[in-house]
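Below are structures written as structure tokens.
In the two complexes that follow, chain A is the common piece, with chain B as its partner first and chain C second.
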Partner chain A sequence: MNKTSKISVWQLFSVILLSRLLTLLTYTTFGLERMHNADFFASVLFCTTFVALFSIMVFIQSKLFPEKDMTDIAYIASPLLSKGVSVCYAFYFIFAALTTLVRLELFVSSIVFPDTDSTLFAVICIIAACYAATLGIEGIGRASVLSLAIFNAAFLFIVLTMADKIDFVNFSPIFFDGITPSLKAGLNSATRTVEVVMLTALLPKTKGKPMRIYTTWLLVFAVYKLILFFCTFGGLGDYALTQLFPVYAMSVLSEVGVFRRFDVLLTGVWILSAFIKISLLFYLQAELLQKSFKKSWRTGYILIAGALVLIVQIGMGGTFADYFFSTTLLTRTLFYAAFTLVLPGVVLLAAYRKGKKRHEKTA
Partner chain B sequence: MKKPLKLLLLPILLVFLFSSCSYSTHELKNRLIIQAIGVDTIENGRVQVTLQTLNTEMAGNPNSGADLGNVINSLTTEGSTVAEAISNAAKQVGKLPMLSQNRLIVFGRDTAKAGIQPYLDYFVRDAQNRATVYVAVSDTSAKDLVSAELGESVVAASSLEDILQAMQFNLNIVNQELYMLVNQVETDAADAYMPVLKAEQGEGGESKFKLQSVAVFDEDKMLYELQDEGVIALQILTNQVESGGAFSIYNTKYQSNMTLQIEKCRVRIRPLVENDQPVFDVRIRINADIAENQTEQPFSVTEDYLNETKKSAEAYINNLITENTKQSFTKFQTDPFCLGMRFKRKQAKFYKTHIENWKEMLPNVKVRVHTEVEIERVGNGVENI
Partner chain C sequence: MWKWINQAVDKVTQKTPDSVQPLPTVSTNAEENIIYFKKRLGSSFDILYKQTYIGNNRAFLIMDDGMCNNLLVTQQVVQPILRAEKMPTDPQEQMAYIRDKITQGIDQKEEHSLDAAIKELLSGLVILFIDGVPFCECFGVQGFPKRSVENAQTEVQERGAQEAFVESFKDNVALMRRRVRSPVARFDIQEVGKTSQTRICICYFADRADPQCVDEVKNRLKKADLDVVLGTGYLRPFLESDTVSLFSSVGTTERPDIACAQMAEGRVVILVDGTPFALYVPHLFLENFQSLDDYNHRPYYSLFIRTLKIAAFVLSVFLPGVYVAVCTFHQEILPASMLYDTAVQESITPFPVMLEAIFIHFIYEIVREAGLRMPKSVGHAVSIVGALVIGDAAVTAGLVAAPMLIVVAMTAISSFVVSKIYYPVSILRFAFMVIGGITGFYGIIIGFGVLLTNVCAVQSFGTPFAAPFAPLHIGALMRDTFVRMSWTRLGKRELQIETLEK
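And then the complex of A and B:
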């Protein structure tokens, strides 16, 4: 529909890895059923499989319409459908930005500033994210490569400095209560993978072969997850499951010589990742909306999304957090499948049929 | 984004950032910086909390010359929960408590005997509490230990922390961190332990601390105490022995007392099931140096002497582990050595079928110990004069 700037495959890799790692770092067992810690390792395998399954439509999209996002593809079928698809995806991205901010606010208000009002933090975070979103995908891509490098350095440092605290006694037996808890945890983790939906909009903005890098991303993410779970449960054992943020609790163990409290490293990286993720989500929703509606309102869409997220967070943050953490796995799966399988499935089918009809007519 | 808007953004952000310092109650000098927390149960189910806090005036200006009091203060508060009691500290000092610098949590002996589970929740739930903070039992009340002073410029909690950290080079000391305690209290496969600390009145009215023993819990209630050799067995079986720890043996053939200093200690524990009973195959490999050799008559260290020393040391460790595990398993039906946790992981199927009567199975548990001692350095001594 219009010419846009592009990012490299490695920038795509960085941006989606950082985005997903943030969800992993802010992982909380709150509201989830209790399971043995070794089952988390098996859940990584299941999660990777589920994410691959939820990505089927993205693979089809890249095969059939490599240079188009969902709004463009829907436009082939009908301009009205294209508008509807833009609104749906914009809603999803704003929703994802909100859940990211809710988790970040929960972390900040319970760990970083437990005695102060975190509203100010949310305001600053949204202002900064809105500004970054206006700079475009190239800016976000470059920032994410740099942030991923910082993240990796911090991650490696924390893992190395707490390695001597790992004790195999802390691990529980695997599948002690059967395979179901691992399967459920895997599915739960998969439904939090917003990046699959992000890809539907990011594919045409990437130079090279994005699906190859996506497969690499899936594997690298699984490895990250396994290392993180190994350190968390090997270091803290079941104590990690009593904590609101188990991964953060693990970082408290890291110390070298007289130097302690390296958890602040993780806190800094965490906030940086959240800022990039929210910026990307704001940018993507604005990109889709400006294609279907007024093009000159791009910055306006970003600011409206920012204001919306901020109003919901400040006005009814608690209610949203309650909703977010108390929804059942089935509800979350249905909601996620609607945006990863159903909506793209309908759009791709409609576009494919329309394209076929056109082809037959011209023939 | 338009240029004027961009220019405005920076000052707006700065205003927001600077305004975060407007909470005067959160400034460091206005905080109650807690160094140790003592928990005692009192009548009517209420809890008495004793806080050892840093005197920020004194700590910030130790050489000012003015009489700013001791570097630490202690205060005692009450409440129906630990959280309420700590928050009540503001009634006495008007400062917001800061827990992140806490070094030690102490439970009074009576509290430990009655059960610590109700008081653990606060320390787990509140994110300000660090998972790695040390936990201990006071020989008397927690108040006695936490309010004890060592002098006007000594942080008593720091001295207690030093004693517990000496585990790195002393086999008779065991420390315990909060997260490990919680794991041991929560699991059905092992029992918790905590060091017992004592404050004694020294000459001149000032206190001195010492590690008395190690308290072993049944679920969350203190049941009995491990003394010296039991503590060594605990350190070995929980794989916590580091370089520097020493143990003494008697060489029967040469009739000499000697001390060996551990350089390296590796422990491998294999949980097995034999004749439908849990068995632990414990293999210990110790590399040690001769630290002292008290002989009646001077003589040079021969190969035979080294072999005898090796045999005596191996027999000593074998006996130490066998006797102490036996005593814990049969007399008290407890497992502070966390052998059950290993068994649960390796023999999950068997454990699952016996999960309900695991404690009753403990007296029948067999611990097979095989120790191998390698003497690395013999040094030089009076025997070579």
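And then the complex of A and C:
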């Protein structure tokens, strides 16, 4: 009968792993400079290192203020700062939801329904995500555990059914053009990892020791990525690099007996993950906003976020998708660093100094 | 719009009166009491009043004809009182003498309030008023008509006990007591319904039920703002989770053995007088796939049956939707030969696959409902007509494709395997047919995501509905979910439902 609204560390693990795997499944080499396929393996290592570096502020937050999110921490410094921070993070989460939907629609309109308008699909997806967000973090957390189990089963099935297509001849020599392409690919992948920012809001909602599980997540995610790259480039070779969605192209190869086209399985779990991720992002932005503004408007914030995402996506006619393909790596890195390093850094420093001053006064 | 609907509803309804009035006490003038009784009960023919004299004092005996056993009334109340010797002359001493020396029943009570006496009268007790006594004596000689204990109809068991609950809740308590002869089994009585004043019994094991949960159940039922309670369904919404879901977070059973098993796991069982079904909380989603037979079979067979039930659930919810989605959007999934056959069959029918699926399932639900509500003698005729119309004529007329018919048949049979959740399953089936027809397999995935999140968000008295899967409890998962441990290990310790909250 204990009423809590917290998730366990394993639910946190599932929710952020699922969120990141979604980005991984739609990994696209478009926009990257030409590189050999084996360099992608090295990029996994660089990506993991970059993500760890971008997570420094989260580690500091968990040490100094383990039970508080950024809005609470900012409140220590100033209530106005707290409001500003929650608006900034809410904007970021809505932005991340929008990019997720853009990818979803890009995928659906190019692969699933190339001949029909995918607007209805996007609308249904957002309505469903809004509903799930209103159910709360526990529902999303628990659903993510089951979704991850389904994801793993589908992933394993696809890897096993296409394993005979893997040929080591398909792999190119590593670092043939030097280390720079791998570094850039690693940074490119790291700047698409919204989970670091998510964690700043999820930390106080987690029971147990979340940072330990976060470290595990970094490693597990790297392993997943390596397996996926191994199967994709082992099965398709450099042909994968010519595809908009290489992982999807790999899944098309899987077959068993008379049954083929198991890409539908991968697409299915990918959509499920997208749904969970968008729901979580809507939930998080509403949580932050209700802390700083009107509490009873939680459902309202979720609906506004949903409407905003739909208006931008449908109203702007897909121009938002350009973000992926036209933004330079530098711009994206700066934008990402602003939310993972600069903003949390400023908030933590301000709160720490204010706390110290108070402590001195009372002493 | 809601305001307008509420106003419209208010026009045709009347607020139930709050019966919070000062209770009149029993008068020393017995006739005044009888006048009050007649005023409250009107001219109901089943209420019998008998005026007599005990010694020199005027007395009244009142009984509800249909609720009392006439033989018992004569043997245990009327004859002993009227034939009593050495009866004291003082009225109060007379009443004490009758209570202590004359009547032999244990179920006897003294009432000082007239309304409480009326309640006892309507429960089947005989009331005795004596002039000069400021209270009345109630004698338990109930004997209303009731059904005897019969076999379970909705939870049929292959091996083991066959008894089911009956309408009389005292008999139901006896059925449970017989199975658990332990002092820890508690049966607390409460009343709900302003007018019906229905008795409900809250049953639990004192040594393992969470006291907070028991109190919460009692409080919620106490606060249930109902006028008349005629079944468990009236109380269910007051025990449900705050999260709206198609699946009920309150369990139902008609078997006393299952009710006892639930109590042994620390749950609270609620019996309602006049209903042969019990409710229990907390309830888990997975329990919809379990039956008592699983515990009578060997573990490997239980595993097989439970897996079969989950597969049947998945089929009954998703098969028609997936079929519609595949035929409309994802034909490439089908092997070439199957694709050709299906395409040929579907090309003959005039409707799009989605409409065809909805139409045929709608017809099926009509036939099922008719078969369920009709008298048994006509039920067979309905089945034959249904089979002929759907099975043969629809295909011959080219209204429905043969593969669709196979889908309907498989879905129908699968849904009966998980009969406990037939109603949500049938609604979900229609929903997924529509989603599959509009957005294909990917819409079905989103629908599945919504369903999954909804089920995971439901809490039944603090216990997650989707436990032990979400949140994951390895101990409970390995004990008795898909896999069931052998009784040599299972019997050593009972599962504590409270632990699934953590």
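One rule holds for everything that comes next: the second predicted complex is superposed on the first by the 358 of 363 C-alpha atoms of A that agree within 3 Å, B and C clash if a C-alpha of one lies under 4 Å from a C-alpha of the other, contacts with A are read in each partner's own complex, and residues count from 1 in each chain.
Just so we're on the same page, a contact is a pair of C-beta atoms (placed from the backbone, for glycine too) under 8 Å apart; a residue touches a chain by one contact, two chains touch by 3 or more.
All of these numbers come straight from a predicted model, not from anything done at the bench.
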| item | value |
| --- | --- |
| Contacts of A:110 with chain B and chain C, given as first, second, both or neither | first |
| Touched partner set for A:171, first chain B, second chain C, both or neither | first |
| Contacts of A:54 with chain B and chain C, given as first, second, both or neither | neither |
| First (chain B), second (chain C), both or neither touched by A:252 | first |
| Which superposed partner A:128 touches (first chain B, second chain C, both, neither) | both |
| Partner chain in contact with A:217 - chain B first, chain C second, else both or neither | neither |
| Chain B versus chain C as contact partner of A:95, first or second or both or neither | neither |
| Contacts of A:237 with chain B and chain C, given as first, second, both or neither | first |
| Partner chain in contact with A:46 - chain B first, chain C second, else both or neither | neither |
| Touching both chain B and chain C, residues of chain A | 120, 124, 128, 131 |
| Complex contact set, residues of chain A against chain B | 38, 110-111, 114-116, 120, 123-124, 127-128, 131, 134, 167-174, 176, 236-239, 242-244, 249, 252-253, 299 |
| Complex contacts: residues of chain A adjacent to chain C | 1-3, 8, 10-11, 108, 112-113, 120-121, 124-125, 128, 131-132, 135-136, 138-143, 145-147, 258-259, 261, 264, 267-269, 271-272, 275-276, 279 |
| Complex interface listing, chain B residues touching chain A | 1, 6, 9, 12-13, 16-17, 19-20, 23, 26, 96, 124, 127-128, 130-132, 179-180, 182-183, 186-187, 238-239, 338, 341-342, 344-346, 348, 351-352 |
| List of chain C residues in touch with chain A within their complex | 210, 212-213, 216, 243, 329-330, 332-333, 335, 435, 438-443, 445-450, 452-454, 456-457, 459, 461-462, 464, 466, 469-472, 498, 501-502 |
